[in-house]
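Working notes, beginning with the structure itself.
Labels A, B, C and D are assigned to the chains in the order they are written; within every chain, residues are numbered from 1.
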């Protein structure tokens, strides 16, 4: 099969990791790296000796031999860069979020579908084997009917100025919640507070209600003494937790649930059984994500599913952001 | 000094503990135990050989020698029993919540003040040495200016039918939050879901905003795989956590905070220093609570402060309950 | 069936718990409590209103209606009190250790067998549901062939003067190790140090080798920053841990083992699978221990097995103590 | 100052890390990489474009411009390679252990001293900021007089064939213990078991007694369900723990100790105060180690201290190994 030719745009914090993983794909070659900043191009040039370097995005668009462009630039540029790439007939991988508004996101998805191109937003957590395990537990109904799901993403870490905690931290958990629930929220409520940079919430709490009756919650903060990256799923048969701070015990399944024995006249009891910690592969999510992109390029799998998932995340973020802003004081 | 004569009303789950602690107070004597259920009176009679037993509350009210009545009956009866006791000239200890509505709570407080009687609601956590330590850290400004506070009270435990998670679990955390913050909330938002008993929320999330700009959050659930009883306080100099699930490390202080060095043109940085776990006495909160009641009876301390604190808790619960109900689907 | 009549001797730290549990047995009655100290007799008299009180042990021996005596006195008196009880035809429960030397222990066992009497030493941990689970895992060969076992019993706690850490702490772990292994050690090595009271080791390390090739280790200390009560069993198929400091996760089973795949020319590999935390009943070990004694009295089970297990513990402690003393500096 | 010229020998598991860190030293240049295996030389050649590649160790010895050689080859070759380097007038860094016997180790140290050359064995843990903190706590007498020290190095990991757990795992802890205690042991006892490869102990327990009365213990295993890398130091004023499995809380200091109040007639009591977790820099130990080597090359610090420390480790390992072998069954 012919080698696919890929370009990486944006060599900031995350871009070089992405570029390296794309470069290591069997059957693909990284033929371009692109960044506005020449210093960065020089810095990373040595790592990708077979890739051409450019500060000019148009060079990529004009290269007829190029198959796909992977975009890891600031979020505010995602829409424009992805749009141009799609218009130039290139498949697109774009870091999360797909776009900063659903209107723009919808345009991208429509464009991709119209042209038959892959458009894959980089929701990395969806490629984490622990999240995949959680999804299996939900889909196989081992947990029973899902009652509610909640995420904790708290730490004492980098304070952002360009994105609030909702967009910066919440996009991760939201992608997982929507992936697990398989619906879009009918109600989305957010409250938060900007303690440091005005208008940029450092702490955000979100409440979501889905048409099926499932509810979800997110606790997001970069001003917190606890370091948590955890997703908890409560079903009516079992409960499960994905904890990304655990070095090995990524997923824990609790065989416990409320039950209503016939002989107690509808008094709910609680039943607690074994706890199990299934072995979860420790494959690198970024590698799995890049492989998934590669498979889509090769024509395997649902070409538009990831784009629609990414769009749903943008729509939910937008609803939550609107709720947040309505209540700003 | 003359021995104070006390009565204990209600011998359900908690009442006998309260009765025992009152009985063990130096300078006080438990002279009555009262419960509607004769079986319970018989069962506990042996433990309190010096107390008279009665199923008739009026016996207590009519006993001129009796100084105070401690009420540990179902919440729905608190107002009526406390009111009758105050009207009969008895000092009153009443389990939390003081009343089920602020109107009734205010009547009780007014009555107590009018008659010069002690009215102390049993917010047990306020007597926990770990919470006292947290309060010291706040009041001494060791944590700096408080930015936000949040409580986690989650477990997989007893499913209630008479009270939802807000009133059953949240009353604890709310009393601590109001105690730490020293204000009443200007905004109170709650969302939750009744998965088991219709109209009785098993899971509740609350968001509070205070006039000073402090915000607070509570995550309450009795359908949760995690067992958490934790209060986190984030100040602009340090952060502190009270974790009641820790057998020994009840309070942890993190010397970490955001800071804005002059030379970074207002880019916020994060500073992390030592962590300290101060020694906290492991005195029994219930004993300390009973001693506090005793001191109030003896005329020490602010006779009405606890009543006003308890009333503030009822007002906040009421606001949160109203928010919860507005959004029920 | 006729009610069995029991006596409790020794009302120190542990005795009252034992007495209470014996008293609560269905089909048994505590008819005597005995202690040299009248103050204690008075103190606990109220709790056991149906038992006669005496400071004279002979009163028990002379009571023909008495079936069994439970001894919770200092270890140095165990042999003599148990011997007199057996000679008087009474069944005996005696706190661990059975005796301070194997010669005395053997006399007791011989006497019990000769007279057909129960002689049960109180190795409480053997009645812990977590230890029972560990034993099941071993006996069912779920762990495969046992390679080694080790106990950690460390804390910062009560400094003893009468017993060193080997006898005070090690007797617990040793009883479990011998119970799991089912053999007596062919080699017993101990090293330790007396930092506080001369001749009373505060810290002891023990190494045991069994005829089957199994080895065991114990780390014992009351001068330690860690609080550990843990027994680890490594088999050639799985590994299991009993951790008594865990409030709920008492037993953890690791499906991991070394393996030697055919295709690696005898290079050992390691295989790691799921971890499971089986539900373990949280029955009170002391109650289960008392019930076991009661069943032996009723003629159920092996009347002499517990005595022989207790004797094996004394023999191993004696070997370890000899090793410890040989190397004292 | 003139740039120092360094060579790295051995490009197995660890060598490339060492080479990279040496290469990154300011004021030094990696001018050679050497390995017997051409494949490895090719593989790593790209990473060190300025270094010459050779499979012939003699090339290094014959290069007059070369200042120092860093050896990361299998332990069995350390002595011979280090000796030849010293004879050729090169300073030497050699991975732990310095040699496989003290006779050989002493020859190396004598040779280095004779020629005035640096000989630094790579005991990495000594450069860990957490161990440095522990050393500070000991040297400043904040812990009081040291009573005992013990290490836990347990995991379920790589099974070695060439080295037993004592040499493979124990060399780490032993270097720290000797560093903290500042003495060589007067008694060294080891017991262990070879479950997998005959003659290669998978599990080893060691007991050491020092002339000052301090004792030490090591629990070493690669067949263990727990993952532990922990060093505990018990002083008569405080206790401290270095735990390398903790992502952030590397060192914990417990303000607790036994005490003998005058008024209790020499009954030892226990006193427990605050716990503190001092901030420890998270500098890379390997980088600090390489910097230390560089400083020694530059003539700073005690040129022979590290060699003597490394020799003491070999002597203690040798004693322990002899004890282990004496008791093999």
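One rule holds for everything that comes next: a contact is a pair of C-beta atoms (placed from the backbone, for glycine too) under 8 Å apart; a residue touches a chain by one contact, two chains touch by 3 or more.
It should be emphasised that the depicted structure is a prediction, and the values quoted were computed from it without experimental measurement.
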| item | value |
| --- | --- |
| Pair from A-C, A-B or C-D with over half of its contact pairs in common with B-D | A-C |
| Selected pair, greater C-beta contact count between C-D and A-C | C-D |
| Geometric centre distance via CA averages, chain D-chain A, whole Å | 42 |
| Where chain C and chain D are represented by their mean Cα positions, the distance between them in whole Å | 41 |
| Chain A-chain C separation of Cα centroids, rounded to whole Å | 54 |
| Multi-partner residues of chain C (at least 2 other chains) | 272 |
| Chain C contact footprint on chain D (complex, rising order) | 147-148, 150, 156-159, 161, 187, 189, 191, 193, 195-197, 203, 205, 207, 209, 213, 215, 217, 219, 223-226, 232, 234, 236, 239-241, 252, 254, 256, 258, 260, 267-270, 272, 327, 329 |
| Partner chain C, residues of chain A touching it in the complex | 249, 255, 272-279 |
